[in-house]
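The next part holds the structures, each set out as structure tokens.
Common to both upcoming complexes is subunit A, partnered first by subunit B, then by subunit C.
Then we have the complex of A and B:
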């Protein structure tokens, strides 16, 4: 690969391992696949407990755990300018050419994108979640997103619904927003070697037991299904504030022997839980993409899910049964799933998933977005300020002020510690790079 | 790289589908914008067209309660100035209690004898407790200056008015579906603290007893009574409100002209300016709904 096409990418998000979720997963797999494509990738996140400093993980992926303490829901405290020095140092040290931020409510991501734009870098942003427009929290978040995206080079969303949402929230021209879904590591999520007996049908639920994931819906659905089908059992993996309600439901309907509550399931064990079931049940009330469905389908499970957000786009119609988020409709959908279950071959399903989703495909499509971002014309401060001004009569002026101060601070920093004084890191090529990629096919 | 619509002949080109699986769709870039883009967006689906008259009539509830609070404050002021004696206060208590029960009995559809007995028992308990405790209230704030007490009372009353639930009732009314909200409880507490503070400035224990009893009756039960009246007949509610406004305005005028002007201004603001304002800003309403909204559960969650 020619040296010119090699991008040097900094991934920024508050959410990264050891924390676990869709965003963390996405950043890790995308970075790994970009590395195999020959790009250089560096990840920046905040310190987790005593995990602070620089770490090297699989495949020469370098992770900066910036010593910046999270204050709520793993988010760093928003300081606007506090992170400028360290972000500048990392950008210069690693000779970064492009900054890629993840997740709208990550403060670190928002600040990094702002500083990177000030310093003239091209930035790409990926939005992983959906937001409404009605409540105060969403209104505030949408304004912040508008500020971050006002000057972003290109944006990526994980589903078409998410793209519509992001375009509405940020006022970004839709041709600047790309849809690149998540994928699944099909090598890790393999179906059981032998087909399960169909005398007893096992329905698996793996999700955090919170309101947004529809735990209350489960409380209504499970007794109904157990009443209709005496040969159905439930396995529920996950923990959360709504666990008590589920346990109450189990006692009230005396379903102790038919509903297993496993508690939190570590991600490494998810596959072994999934392959013990026939049907995967997702009851989320809002979902931009839902990786859990992919993992289940890759393990050969038939999925029953609520028709919310981006879920209808995720799987072909014959691999998923959709229902409205209403207990009666969900019970009917499960009945339909049980009926078509004999036609489902887990191995076949797994092979289809291999063709439908791969992280390598995601990385290649992301690469195209990076190429586009780098082709965007350079703009000076005045041209960029005019974009911020259009964000609103008051907000626009405020945003401009924030950017001007950022610009001044950046110049002060350059006087105090010129770029030439920052040591550049030599690139290390890893010998075993050729052996590794098979994991992510 | 242009947007995908232009390249490859139209005949062989498969149709673009709104799906995320199967990699990049042949012939279309990832930033392709289909005609179906934002097709499922719904704007202003839940907007209610309001008529000026309706809003004005609804806002009468607010001004009615403002008058009630103003009357209580008037009673406090006259008592502090020793214009109202303790005997007159006790008479006032009895009148208010009697009137309240009269309204409750005559407007309620189902009112059993046992419930009335229950009310009487509770009230007698309350009266006894209050009477026993009044010496404590009497000396409660002796070491604090009157100015601080007045200032604190005023701010508590403002807090009370700000958080008061104007559409419901402070205690759970018969047949009301919901329990009082958290903010309305805070509001009630603020008003009771305010009346205790005022009571602690009075000369005798009987004064204290009478004024606290009066204030608690008003703050606790007047919302219930007005709620019952409103449910019984809306016309009666409007009539009562106008009578209350006239009475209050007369008394405030006799107390102080500037206060009268202020109070009159507030009433005009609440009943005329605010409804007009609300109708005017309705046209700026811009509500967006779509598939990205969080689904609402169609059943109640019983914790």
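Then we have the complex of A and C:
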């Protein structure tokens, strides 16, 4: 790769390992593949317990665990300007050329993008979730997103539904938003070596047992399926506030021998739970992409899912049976899945998934977005402020004030400690290519 | 060998028996000016106390106390110099000299030093390099420079000298 095209990327989010989830996985795998493409990648997140400071992980990926205490739902406390000194230091010392923020409700992401734009860096934002428009929380978050994306270089969404949602919420021009789906580490999610017996059909559910993931729907679906099919058994992995309702349902319908409640399943053991079943059931009420169904399909399971958000875009029609988020429709979809189960070849499904969903492909597509972002013209403060003014009669003026203060604070920092006084970090170069992870697809 | 930047002066003395590395804090113009003004006021105020009436005396006493406390805080924990004396096959002595004149010394036998390491440290507002020693029997790293955060170019020669002495290159 030519030196000119080598990007130096700072990935910023409150959500990163040792926390587990879709965003965390996305940042890790994308970073690893960008490293193999010859870019420099640095991750910035908040400290997790005693995991603080700088960590170097696989493939030369450098992670800054900044000692900011999480405030709520693994988010740092919103200070607006409190993160400016550390973000500036990292941007200068790592010679960053582009900042990539992940997840709309990550405080650290929103603040980092704001400071990066103040300092003249190009920024890219990836939205991983869908949001509503009516409730108080969504209205507030949408205004924050509008502020963050008012001056973003490019944006990425994980599905076309997610793109539509983001454009509507933020008022961002659609031509600035790219759709790059998630991928799956197929090496980690392999089907069972031997095909399972069809005498007993096992339906697997792995999700957080919360309202958004459709736990209330499961409470009504499971008894209906058990009535229709005496040879069906359920394995439920996951924990959450709705676990009590599922246990009550199990007691009420005397399904203790047919519904196994595993509780929280560590990410490393998800594959071993998946390969013990024939069908994967996803009952989410809202989902931007749903990596869980990718993992299940990679393990050779036929998926039954609610037709919500970006789910219909994820898998080919012969790998998934879709249903409306309604108990009767879900039961019918499961019945249909049981009928077509003999036609499913887990090994073939795994090979197809390997071709369809590759992290290297995601990285190459993201690289194109980075190239586009760096070609965006540089704008002075006044040109940028005009964008914020369009965010609303009151909000626009408030956003402008926030940005002016940020600009002044940045210049004060420049006077107090000029860029020349911040030490640049030497790059760790790998002599042998084998030292880098070679494959994530 | 002497090397300087805006904040520190690094002095290196080497003999066959001792390898000494000093890190001296360069005078800060604003702190020096403040100390000069404070000392001047400390001398002037007692004379003013004698001349003025009782009403103002209490106020001046308070001013005197505040200035004295400020000077104490500036002098007491303000580091003038940090040193590391490497005695091959014997040990390492770490020394911190405060502006107040007090000194803190710590000796670590070479047999207890497992490895010297260069770390990147992160605080909520900044990042800096630090040189630490992994000492046998101690849970935490021992910082070579407890108070000062010199640049990496000053730390590398000390780290190399420690590696040579600890025989872990």
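The rule is simple: the second predicted complex is superposed on the first by the 433 of 441 C-alpha atoms of A that agree within 3 Å, B and C clash if a C-alpha of one lies under 4 Å from a C-alpha of the other, contacts with A are read in each partner's own complex, and residues count from 1 in each chain.
Throughout what follows, a contact is a pair of C-beta atoms (placed from the backbone, for glycine too) under 8 Å apart; a residue touches a chain by one contact, two chains touch by 3 or more.
Keep in mind that what you see is a predicted model, and the values were worked out from it rather than measured.
On the superposed subunit A, the positions of subunit B and subunit C stay apart, so the two partners fit side by side. Look at A:300: by the touch rule set out above, it reaches neither subunit B nor subunit C.
Vectors from the Cα centre of subunit A to those of subunit B and subunit C enclose 100° in the overlay, to the nearest 10. In the overlay built on the shared chain, the residue A:423 is in contact with subunit C alone; subunit B does not reach it.
Once the two complexes are laid over each other on the shared chain, residue contacts for A:309 go to subunit B alone; subunit C is not touched.
Contact with subunit B, but none with subunit C, is seen for A:177 once the two complexes are overlaid on the shared chain. Put simply, more of the residues of subunit A are touched by B, taking subunit B and subunit C as the two choices.
With both structures placed on the common chain, the touch criterion links A:59 to neither subunit B nor subunit C. Within the superposed three-chain model, A:238 lies out of touch with both subunit B and subunit C [touch as defined at top].
Of the two partner chains placed around the shared chain by superposition, neither subunit B nor subunit C is touched by A:346. In the superposition on chain A, A:67 contacts subunit C only, with no contact to subunit B. Between subunit B and subunit C in the chain A overlay, the least Cα distance found is 37 Å. Residues of subunit B that touch subunit A in their complex: 1, 3, 18-24, 29-31, 33, 37-38, 40-41, 287-288, 290-299, 301, 303.
Across the interface of their complex, subunit C is touched by residues 52-54, 64-68, 82, 85-86, 89-90, 93, 421, 423, 425 of subunit A.
Contacts from subunit A toward subunit B in the complex involve residues 130-134, 158-162, 164-165, 167-168, 174-181, 212, 214, 216-217, 220, 245, 285-286, 288-289, 306, 308-310, 313-316, 325-327, 355-358, 361, 365, 368-369, 372.
Partner subunit A is touched in their complex by these residues of subunit C: 6, 119-129, 151-152.
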